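The following pair of complexes shares a single chain, chain A, combined with chain B in the former and chain C in the latter.
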Partner chain A sequence: MTAVTAPLRPPIWRRLVGFNLLTGIVLGIGGWYVGWFGAHAVVGPSLDYFGDVDYNELSVFMAYIGGVVGFLIGLGFLNYPARRLLGYPPSLREKETGGWARYFGLCTDHKVVGIQYLWGIGLFFFIGGLNAMLIRFELLRPTHQVFSGGTYLTLVGMHGTMMMGMMSSGILGPFANYLVPIMIGARRMAFPRVEALTFWLLMAAGAILTTTIFFGGFPTGWTGYEPLNVQAAAGMDCYILFFALAGISMTLLGLNMIATIVTMRAPGLTWMRLPIFVWGVLSTASLMVLAAPVLIAVLSMSALDRAAQTTFFSASGGGSNYLYENLFWVFGHPEVYILALPGFAIVLELLPVFARKPLWGYRLAVAGLLGVTLLSWMVWQHHLFVSGINGDLRPFYMLSTELISIPTGFTFICGLMTLWRGQIRFTVPMLFCLAWFFNFLLGGLSGVFLSDVPSDVTTHGSFFSMAHFHYTIMGGLVFTFFAAIYYWVPKMTGWQLNETLGKIHFWTMFVFFNSTFAPLFAIGFLNQPRRVNVYAHTLQFLNDWVSVSAFCLGTSMLIFLFNLVWSLAFVKKPALANPWASRSIEFQLPSPVPVHNFDRIPVFSSDPYGYGEGPVPQWVPAGAPAGRD
Partner chain B sequence: MASQPTAATPPRDSVNHGLRFVVAWLVLSVIATPLVVIFVGPILPPGNMTTQAHEQIYDNTWLAAVSTPVLCLVVVFLVYAFVYFRAPKGGALVDGPPLREHAGIQVVWIVITSVTVLMLAAFGTYQLLQNGSGGGQGPSPVAVPAGASHNLAVQVIGQQWEWTFRYPSFGGVETHELVLPQHTSVTLHVTSLDVVHSFWAYQLGVKADANPGTDNVAYVQTRGPGTFQIRCAELCGLFHGYMFSTGRVVSATQFQSWAKTQEAIYKTIAKYVPPYAKTYICPAAGTSPTCSPQPTLRGG
Partner chain C sequence: MASADVTQESVGYEILEGEPPELLGRNLVAAGHLLAGATAFFFVAFVFAYFYLRSLNSAGMWKPKGVDSSVGWGTAIVACYLLSALLVRLGLADHLALRRDQWRLKGLAALLIGIVGLVLQVIGWTQQGFGPADGGFASVYFGWTAFLFLFVLATLLWLEMTLATSLRYRKIPTGAPPPGHAAGDRHRERHDIRDPLSLVRAELVALSFYWTFLAGIAVLTWIVLYLI
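Let's turn to the complex of A and B:
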């Protein structure tokens, strides 16, 4: 881009004053207290509300809503609308500010938001993982070990909620935000400010969930079932606010992705030339847009039950806990495909690069992604097979649940056939993708047991189902998340990751992942329900085995963290523009990608999978449109 | 590493990889599937204490048998590909053949997966509709075993954090232990006084959620005598992990004498216990005399 003379750097205190993260935190805390005392002023005259139980739910909700509003104002989200209202011309000035400060404030460059997401989600991923370590520590002994029952359930709930709520955006947040505009030949997302908003909302939500420990935690796990929900202490409000805010973030993220992919594709990029990753993002985004609002609705009803004494979910007041369960799983089942589908897409995107072959059966792969998207709406009551709801619908839900393995099978056959007669290179991202086949296969096959009602009677709500979804989500999503990190982070940061450490990370993670979760199938088969802190003495050996494996798995994550920090902060070995010899367009750009992505908008003449079909086509022919932001 | 592979696609070797893979897969599947049925089948849960539990073992064995060739397919494919299709170490970057699709393979794959899936769903539906497979079916069950109206009725009440049991045919006696006569058809009415629990009688092959205000019905036909474990399978709060007990299946005469003893003990406290009802939470609070006092929910 054009050379700019370095501006004079103002003193450090001057740089800290302004609309940035620090101001956001200060105004967030201020807004929290405004909401807290404001609600108390409405509900009761006294201000002495900091005793043990002398709070009300309304003040907790209002405090956090005030906090989030203050946080967003401090970050500068109101600046643009305020300027427009005052008659100033529109500008995209936020995008131009350079340096590290970009990463600690509102930035509308999609590449900055992607990297913000990567670190932000990574932070909460490690907090969630730490919770899992503590859970497994408690389960070293069949009876009471360290934590009280309430603390144990809070750990379980925080682990589940944080992983579900955060990792829903685990691929779309960092990688789709960064890559989709590049892959479709655009210079930005359709709504850059909304894009930044989704990130900061998610961070606010994560902070709120973490503060649940100051309000007694919550006992419900990530499902938040009523009426246990309405019994719980104020920590439950943090769960509700976290998931509702994460839901808003997901909805906006999904809308933004759909709008971008539908409207901003470069000339020549027809639907059948779209990278399969973009198809996966589109499928996931459409699930987000339709599912997350249901979550927001059901949590709003929960909040009303808790704060305003409505009885949507209390049988004693004419409500029904089934209403909660149905609404929750109407969101909850598409949610697990929100987690799984980006994994499918990454596997299909990366295999052609490392097998040196075109993606086999492109149309079938797209059909698979769309088929899963459609069918995932029709399966939610398999979570309620033994709940006593509408018994005559169970054959239908059994059928629809098993049908979803057909489009999932499309992904398998396309991936496997891409390997067939290829020239397979076992790079670190490829290893993670190949592990996906094994992990997701075991997850899928165990899912058959859960979808079959007679088998589900035993496996439902046991460690078997817990092992099943860890195989699909950790084995499916987290492995591909790491594949994506090893594959794209050199492109995003401009620095290489250490390959030897990456291989050590992969092999320890693969071995200890299976060593952790495979025995859990047996533990569930042998009568251990989920979320218990007390179990049969006969199962202690298996539980201890799982705990020790889990600690090793945690150590494997530390190897990754070390690799990341070591390679990016200390070694700083510059990455090649195209380290994997990929034909995808992002690798035809320099590393890291320049601020405006393309000097000229590219014109596409094929999909990015033409391995063995001649040289990479010229993306930017002379006379291509210069485009605009 | 060059970003532009220069070499053309590798020469097509004379080996028929497809045939070799299919043969390897078939051989492994034919060996592995009977082994799974013979050796894994018997150790699959949940036990033989009821007809329903026995049928679940049968189901689990079938599903394990169907899963085995699928597992073999992917594992054999991956191993075969790793051995024969790996790029030579240190060699120049070579592209594979540009195979983009194959209609025949796609059609065969779709047909095989669809047939397998439909067969599994039909099998599961058939098994379910015979007698409900021990799962909770709600207040109006659809999979009712023959002669269920003559069953021994037992009510299972979940509350934070224990299970109690009522026998309407013995004056509504409420006990802390679940005792069932052997070789008897039993109708379990599962309900809750507070939050959602899940009644999991492992060896009986029963799981039914206990919902406040709902009568969740499950059927079992007991077999020989023995003991079984009961756990709560739905997170119900602080002492969820401690919500377990042990039940017994005993002979008919032992059951009769146990029930008579319990009834005699119960007579002294019966007036403090609400009369037997399908559920103990009424929709409109306090309007019906058969309803117990409302359980205390903090409610914000």
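Let's turn to the complex of A and C:
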């Protein structure tokens, strides 16, 4: 192979001028003001910004829309569409050169986008985690301590919204973007610019949500229920814009994933040879493509109610707040599986590697993933059991919710049978996978209480449901997110993470996660309501226990952060190309993977799970990668 | 991160360049169908809102007196969208039959008629005699038509891109355009897609499917918002 090395780097001032993050931020701020003044010019004569008490919702919406457009212009996202409008032909790639600069702008290398996602989502995950710490700090005492009721609600809302919105792309963003093209033997995603756009839209969304505190926050929690929504201060607009942008990002991410998997698989990679991780991505992506547009639609209605005086959700104006609740949960429940399914897929992908056995029941596992995907559309009204829905609807939704445990059980069976009589290696990624079994089992079993109408009526608004979804989402997704980090980051960066620190991180996280959330089941049964920062004095001991555990859980995240920075920035121990002796194709490539992935498109002749079934598959010599040595 | 390594990392341009156009063609056709699925679910929310609010008729404010959409305006707008989509389909047939001049004519006509439809929609909003705050139906009407407007606008931009490429390179329908004509990496010497101009057809296939689908949604809009 003849490779062209990137030319000598220009001076730093030259690199700062051009389409990059810095320009994006500058134009984003400029666009914000253009939108703000523009909307004021349209709606009214007032130009007294910030000190303005008669601001209007339109100005807030237009300011942020202007900001996002400016941000994207600064990053260079409008150059290509502009050239296409002038008639220039299509192209695929931009700025796939070497060097650091590509991480701070529009880059169409799927591996760069994956790493951008990892750091970007990590940043907002950290902010969301800090919110959680503040919430638990407030709950150390049963009466008001630091925050007012409104501020406390904003903290709860920001934590929930940030985590749900960002972590929806928590696996697909970093890991699927990085790995799916490699796993299917392709050199790119179907639409590389769209792939980059999904990341930068999500970052813009995160920044918008963070600024809600300048506009009075929002009192609705992550669900944004009406009529609180339409009555809230301008901070609510930030929530609406955040979720709408995250929804657009999710839709495009899902679309890109499906198009990639369906149209770009290498020769020989039949559906039944597809890595189970890719099946998980495909299931999740299909939910994203279909569910996120409903979210965008309902938030658009909400924005119109606030800015254009429509009455979608106002009963006195011919609307209904139940409309919001229904549409939100048509998205909201598939969203739960958008979060959970990638976790299932990671566990099933990693278990064979560390049990040294083929994946048990591959077809059953695929059926489980697809079954969950299908059934997740039929359960949304269980979120409305206590909202006064027609009683006749309850049995159906109770049954459909409980049915979903069957395909979920397939995943459990396949995982457990893969472990059975395996030669298990207790590496850090494997420990996180094993923890998933315990956590998700508790999350699933407590879910039965919430799917049954009689028990749901008593537990719905309490900390019980909060404990349940933290067991499923944090126990199911975040643990597997860390499994994926420890498993794939050495491949992605070329540097090894410290194993001892990783194990300390795991054990502290596992112990304090359970110590934080298990008592919340009891607190919920004792009727402590969610989203309120005062509670009965008799519950103070349990609450203090939970808060202290939560602080320790937060500390375990700092151990991880230290490990990451220490290992990648200071120790820099080179990772082996295949540190886990995996048979998956990404581990047959050098670390980090070259820009073009493969010299020749590989030909697949088997699935990647044949541990103990002879030598490495044939596709390795057929697709011999271009090394960097 | 491996800072020393990534700055010296080589890029296999010779491998990346010259990708067969069929691959992006398949991507585009798949994306057209997926986009249709996403669009369907977006508008399902408005269909749901229509029937839900209509059945509730909260405070008798579903359709207060004087709130009724003009069938004439609706028919004119939807007819434009339908005609535009039909012309794109006929243009695709011309392109497949290698009658590229005919495709370009039909494409131009489709673009103009689509724009007329959008202009009629803007005028139509001002002629309805009710505003977005006038009850449940008015809310659904303005929300639904506003977003349909945006979807149609985006589709027409896509049509313009395809048409503009076809017009700009009308004398070289296939083969590589001059160096530097495709946007992208400044270090690159060749196009990253071999024969990028041949992708006009794949774009047209995807666009034609999506525009027809959207015209179908426009017909649904007409039935629900103007006829029922």
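One rule holds for everything that comes next: the second predicted complex is superposed on the first by the 599 of 629 C-alpha atoms of A that agree within 3 Å, B and C clash if a C-alpha of one lies under 4 Å from a C-alpha of the other, contacts with A are read in each partner's own complex, and residues count from 1 in each chain.
In this section, contacts are C-beta pairs under 8 Å (C-beta built on N, C-alpha and C of every residue); 3 or more make two chains touch, one makes a residue touch a chain.
Just so we're clear, the structure is a prediction, and the values are computed from it rather than from any experiment.
Asks: Return first, second, both or neither, reflecting whether A:33 touches chain B, chain C, both chains, or no partner chain.
Replies: neither
Asks: Contacts for A:541 in the overlay, against chain B (first) and chain C (second): which applies, first, second, both or neither?
Replies: neither
Asks: Between chain B (first) and chain C (second), which does A:309 come into contact with in this model arrangement: first, second, both, or neither?
Replies: Both partners, chain B and chain C.
Asks: Output check: A:271 vs chain B and chain C. Expected answer is one of first, second, both, neither. What do you get?
Replies: In the superposition, A:271 touches no partner, neither chain B nor chain C.
Asks: Determine, under the contact definition given at the top, whether A:317 touches first (chain B), second (chain C), both, or neither.
Replies: After superposing on A, A:317 lies in contact with both chain B and chain C.
Asks: Just to be sure I read the superposition right, which of the two partners does A:214 touch: chain B = first, chain C = second, or both, or neither?
Replies: Neither partner.
Asks: Could you tell me if A:507 is touching chain B, chain C, both of them or neither one (first, second, both, neither)?
Replies: It touches nothing on chain B or chain C.
Asks: Please indicate which partner A:301 is in contact with in the superposed arrangement: first for chain B, second for chain C, both, or neither.
Replies: second
Asks: When the two structures are overlaid on chain A, which partner does A:263 contact: first (chain B), second (chain C), both, or neither?
Replies: Touch status of A:263: second partner only.
Asks: Hey, is it chain B or chain C that touches more of chain A?
Replies: B
Asks: Shared contact residues on chain A for chain B and chain C?
Replies: On chain A, the residues that contact chain B in one structure and chain C in the other are 305, 308-309, 315-318, 320, 322.
Asks: Enumerate the contact residues on chain A facing chain C in the complex.
Replies: Those in contact with chain C are residues 1-7, 9, 79-81, 83-100, 115, 187, 190-191, 251, 255, 258-260, 262-264, 289-294, 296-298, 300-301, 304-305, 308-312, 315-320, 322-323, 326-327, 330, 493-495, 568-569, 572, 592, 594-596, 599, 626, 628.
Asks: Quick one: in the complex, what on chain B touches chain A?
Replies: Counting only chain B, the residues touching chain A are 1-5, 9-10, 17, 44-46, 52, 55-56, 59-60, 63, 66-67, 70-71, 74-75, 77-78, 81-82, 85-87, 93-102, 105-106, 109-110, 113-114, 117-118, 120-121, 123-125, 127-129, 132-143, 190, 194-196, 198, 200, 202, 205-209, 211-214, 216-217, 229, 231-242, 244, 279, 281-285, 294-295, 297-300.
Asks: Flag every residue of chain A that touches chain B in the complex, lowest number first.
Replies: Against chain B, chain A makes touches at 56-57, 149-150, 152-153, 219-221, 223, 225-228, 230-231, 305-309, 314-318, 320-322, 355-364, 385-392, 394-395, 398-399, 402-403, 405-406, 409-410, 412-413, 416-417, 419-426, 434, 437-438, 441-442, 445, 448-449, 451-458, 460-462, 525-527, 529-536, 576-579, 581, 587, 610-613, 615-616.
Asks: Residue numbers of chain C touching chain A in their complex, please.
Replies: Listed in rising order, the residues of chain C that touch chain A are 1-3, 5-16, 19, 23-24, 26-27, 30-31, 34-35, 37-39, 41-46, 48-49, 52-53, 56-64, 131-133, 135-140, 142-143, 146-147, 157, 160-161, 164-165, 167-169, 177, 181-185, 187-188, 191-193, 196-197, 199, 203.
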